[in-house]
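Per-chain residue numbering starts at 1, and chain names A, B, C, D, E and F are given in the order in which the chains are listed.
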């Protein structure tokens, strides 16, 4: 019962957050909505008995990604007049909803073919230990190349964002 | 242990090279960095070439990596193409890098990272690995596309590519999640085993997941409903990057597409081939339209690359309809496209080194008088791209169309031939521009250039691959190539 | 859940809340008084309640009253997002407070064979929790700074954000090295690990085992908490008060308190990871449990002596100068304290006698050990807070670029090297 | 397995490649070109010496090329191809002689490439190989017209390429389908003509497939309706290219019709024959009318050769021994005479920079030798008795009468109409008083004579003693016809 | 001639300097020593118990509250030339000029006010004054008031202030 | 709290992300929408992991979090760069390429 109400609450936050993220005009409000959604998502992971994912989500998605985004928002300090003028924003959204809705329904229909009961989870499901065991027993290669991915992204980001004198405009 | 290590050595060398380049990027000059990058790539290339055909299908470090990292002739052939493409890109553009001031050490590292991603993509026997590999390659390429930072066009191309590319990346992983949900594993062999024992209810999820994955792949190769970025990105990217994308990244996607369709979703192909047929038709027509309306050569080549994707999709949809030769045909076509497109883009960037022109058709007027050899090579590449016989491009198209006819897709083959006919227009237009008009510039002396020589070698290979070997014995020609392609595909199919 | 478990959980929660919240005025006082003493001057020392000044702590409470009573004032130029503007300090405060909740104040207490964590949140992933939740604090700062619509605030916010990002990395990497060493992420297990000795002589505290990691970690912690010498986000000398410029009254107090809570939390984490946590050196919990009688016996003479000296010190110092006519009730305060302290000492002495007579496996011993460890923890916490303050009043503030330079160019590589060396050693040892 | 045909095919191209890559100087280039063409001519002479008229395909050489699809390098020669082979080998040295003063190197390279292309197309017996050469010979023409032509040459070059490629693409599709059908029926791949001709095909499909081939050949000939590239291309192409176009490449269309059309789709072609005959007859008249009205000499002779080629195509579709023999004979003689006349026009253009009839007059009085050759070639085109053209045309007309009197009558009008426009043209250009342009007309020099006299001689010989040549291909015609009748009768 | 060269020792070169930690340790040691000393005997801290004890070390140069000087005839020495108001960096001097009818001078301030809440006590006005009409030698360092208006010193108040350091006469020097 | 509810939630998140990309022109919102899409995949993975009772899905989700971080880095760099170049976050302000072959 408690879990149900927590779920409803988190879901509410999640949806409100993501809707706000899409709907707000001000970038910073979008960002805080996004943060709210991410935190609620972390809560969802906790509800799914996945404590490690819960922490990782908070640590990376909120602690790193959102903070970095905020930092960028603050450091570029977008003026009100530099924000895109989107008078037809909600009309576009309606259009997008019409566009996306069939896709979503199809996916949902497909997903409901899944079994409807939660599996019995063993001892320590979602704990760091089990996570680590699985990660290093079955998923070493992706784990390794993710590091290369991060490095490549870092190099790319530095290259793009670095200011260099250039007369070759 | 060391045998296992040897199996992943080429990849390790490439990523090692990237690290070394990053470390050296501040101290070495561009030339030296270029050479270092080429050195690492060639090392990898040589190892792969020695290995081709001698390794049976195996997994590297099976006790650690599981069955994620597969090594077969198929992936080795792709590795060869990636490394060769990167080497050619770097060598041909040596002068270009020096002529522009926005290149620096990280550029080469990014190229190597990208190659690394593609290699993993070709080797990955597992969807998540494939996804991450795809992301490595894509992210590096995103950064490369925007490398000319203070050029607004380049930045804009990067923006478009990145937004659309990342979005479709989400589709890939969503598809993977669905497949994981249905199967409980993302290993291709497990999935294949699951799919081949059909239980109607559960396959829906696999099917939808597969479609999502396909959407991503089709997007990245620029098939028509998802083609909107191709021309812009190709135009916006700096010339060497365009060349790199055309000669490696496009190929990499077929690596995973072929592996998926041949191993994983083989029994679902029949469901998809109709979708694929529609997409193929759209791609052929839309791509032709894209290519024919352009004035800039770069954009024209970009548009035509969509058409070439369409040709390969013809064969790709034939795979599901029971054509044995379709997969080798794609492999062969990839080789042929690799040679011709890399050559064409190479010449473009080679020319662009000295000038800042847009490279429109008009700019090529009288080119044959200024640079007779280069224009001859360009003509060869154009002929090959248009599928003119006696070039490798013709054989590629021949295999494609034959496989289409073999699988009963007569109309598709007919459409392919029609688009090939249309392509003659825009390719020959360039030849006409080069040869039929007097030069507007005064004659210039051009010194002998290594890059030019390299392009020349590629042109020779295009001819050699097309003419084959009936006159000169002992040299494997077209036969050799198609045999190699067949061998690669066979090794792929032997997995099951 | 047994009754004991609930009681322990509730008590730990209360203790944590007390330690986090009640520490704020104490820390404010400590900072002011410490600053004064370090700079050869006095401290706010006239506020009193019926003559009781408690050495000036009352001033902090007076400040709290003042801040609460003050008019809530919104700058008129803040047009949008007032709710967020108001919420921002609370985010910072709440994050710092939540992060404190995973610190173990004592070893697991065994009641009826049930091992109970003396932790406000009885979870095992302590350090991750700290890093995850602690990082959110900066979000509040960034929001506040941006929404203030003030250049100084904006600069402060961006400085805080980038500094936090820059130092989160060495921090995390140091933690990785420590994880390799301790082989756990549980704070309590870390402390237990530290109860061993190195070469049989030194206590195996983190700072002894991993001195470099400790240094990096402490430096990074200073930066994370925006304390001097890394307090560029406030940077009074350049950007007025940074992100807090436009904040007044309780909203300001929230930021202010958040900072002290963060500092307190940082101290707690540092002592837990590097200074043996709630343990005395060379004394593990098991040893303490078995030989508590000896400890009590040792403490029995030590306690009166300490109290005696304290009273003497108080009598000597708690008086006004000749030039001041009224002593403001100081003599009375001294007298009362002397009596109270004496009585308390007597009670404790009696308790100690009782404990000596108890068998070592009795519940009372366990509770006493726990209380003892909590006391040790609090003392360590205070000492480390003092260290924070000491550093603040010793070192000048870095320039902003120096801060970034230090973080990215020195601490990051050093922490990477540290991981490498640690891994090598761990592999070599095992 | 005699490689002599291979040498014949690839000698010019190899020479071109060798000289081109070494950037040979112009004299060396000229020398190499002429030598190679002479060598080819000598080789062809050897071939025709050793040729056994009753032996069917000879000098075969089969080398596997693309093994998986059974594509082979498969060349051979029989009566039909020998005629064209000799023609090519004979004309090329003369053309080089014509180009002797040409300073643009690209000319020479392209001509050599062209020789390889046309020779290969004539000799190849594998369909893919044929397609290869069929496309390859297009490229030098494209460059020749586009680069060295005049007028709207760039546009016209594009036009000829696009139209021809359209045809060849459709042919390619048919080829691929045939190959696949063979595979489906027999389980092995082959694109050799001999294998494919044995295919049993669904008639409905065959119509489509044959259509693919016919489109390619019709564009090449060109039959009326597919001819829009012809006049522009002829008028803007340089002389050697025009010569090749009219004398050889157009004949290759006829050749293809024979070799591949009748070789693969005997039955289906009889389905198409009425349409084609109607097209050919319309072409006959249409081109003749155009030729009469035309002011530009090049275009006039372009239409004239179109008219004659329609006649040949008609002959091919008439399917009797006279018509076929006549057509084959006409291929040879018309090639010679059209080569001659276009060379003459080229010489004329060199001298007066104009090929418009109105601007010319009275050449005979200024340059009698030139006038003689011009008149001779023009009359031989018109089918003057005593030249080969007369014999051939007569044969075809006889064949037409054998089929249908009305067709015969219509066919016979070609002789009249050609006489009409030739004589009218001659009267206006050669005779009469010299005009402004022709007053300083320089007569033929010895080099030009040397290149023209062999053509004249050959034309005369073919006209006066046709029996000298007819045995070369007559067995081919009879056997081919017998085969045809048998297959049609069998079904 | 011997050149005078002063050799400045360079710091921050040796490894010890570069490590910074020893230096920090030294600093901490000093601070800590002070802390301990002062804790053990806080009465030894040399401080002034301010409200009870007043500062005794205010010198002549100390810039206290302003005052306006007089002429010999006790009229205001200021000629309302606005120099001080112009020089003032914080714009705290407000002058309203009026004509002077007693033939001593041409102009005099009708109103001369200094907002001491704005004032930063820089002394520029004193420097700027051409006729020594304004001085800051009152030695008043502590101003108290219950509202803002109390801190605006009007002409009368300013004239009433006395100099604290010997120069008791408030006659402006010529 | 059945799996269906979770699935519905995940799909809604994915759709909202998609809608954001389609309808908004603010680059930042587009970027966050993409992140949201990827995160919703994370949720799907976690649900499946829970349904299967193994940790594979969770591990994939963990890897995906790393991928999200990598993409975030590149995206933010790009946004900063574009903002520097154009002083706007409007994705429609970048339409140089839409003009066909201007030169």
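The rule is short, and it goes like this: contacts are C-beta pairs under 8 Å (C-beta built on N, C-alpha and C of every residue); 3 or more make two chains touch, one makes a residue touch a chain.
As the structure is a computational prediction, the values presented were derived from the model and not from experiment.
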Neighbouring chains common to chain B and chain C, by label: A
Label of the chain whose CA centroid is most distant from the centroid of chain B: E
By number of C-beta contact pairs, the top two chains: A-F
Farthest chain relative to chain D (centres taken as mean CA coordinates): E
Approximate Å spacing (C-alpha centroids) for the pair chain A, chain B: 32
CA centroid of chain A to CA centroid of chain E, Å: 59
Distance from the mean Cα position of chain F to that of chain C, given in whole angstrom: 39
Length of the line joining the C-alpha centres of chain C and chain D, rounded to whole Å: 101
Residues of chain D touching at least two other chains: none
Per-residue overlap in chain E, given as positions that touch at least 2 other chains: none
Touching two or more other chains - residue numbers and ranges from chain B: 128, 132, 135, 139, 142-143, 146, 149-150, 158, 178, 181
Pairwise chain contacts under the document criterion: A-B, A-C, A-F, B-D, B-F, C-E
In the complex, chain E residues that touch chain C: 21, 24, 27-28, 30-32, 34-35, 38-43, 45-47, 49, 52-53
For the chain B and chain F complex, residues of the former touching the latter: 128, 131-132, 135, 139, 142-143, 146, 149-150, 152-153, 155-160, 162-163, 166-167, 169-170, 173-174, 176-178, 180-181, 184-186, 231-232, 235-236, 293-296, 299, 358, 360
List of chain A residues in touch with chain F within their complex: 3-4, 7, 11, 14-15, 18-19, 21-22, 24-25, 27, 30-31, 34, 37-38, 41, 44-45, 47-50, 52-53, 56-57, 60-61, 64-65, 68-69, 72-73, 75-76, 78, 82-86, 89, 92-93, 95-97, 99-101, 103-104, 107-108, 111-112, 114-122, 125-126, 130-131, 133-135, 138-139, 142-143, 146, 149-150, 152-154, 156-158, 160-161, 163
Chain A residues touching chain C - in the complex, by the definition given at the top: 26, 28-29, 32, 35, 51-52, 55, 58-59, 62-64, 66-68, 70-71, 73-75, 77, 127-128
Of chain B, residues touching chain A in the complex: 15, 18, 22, 64-66, 68-69, 100-102, 104, 106-107, 109-110, 113-114, 116-117, 120, 126, 128-129, 132-133, 135-136, 139-140, 142-143, 146-151, 158, 178, 181-182, 201-202, 204-205, 208
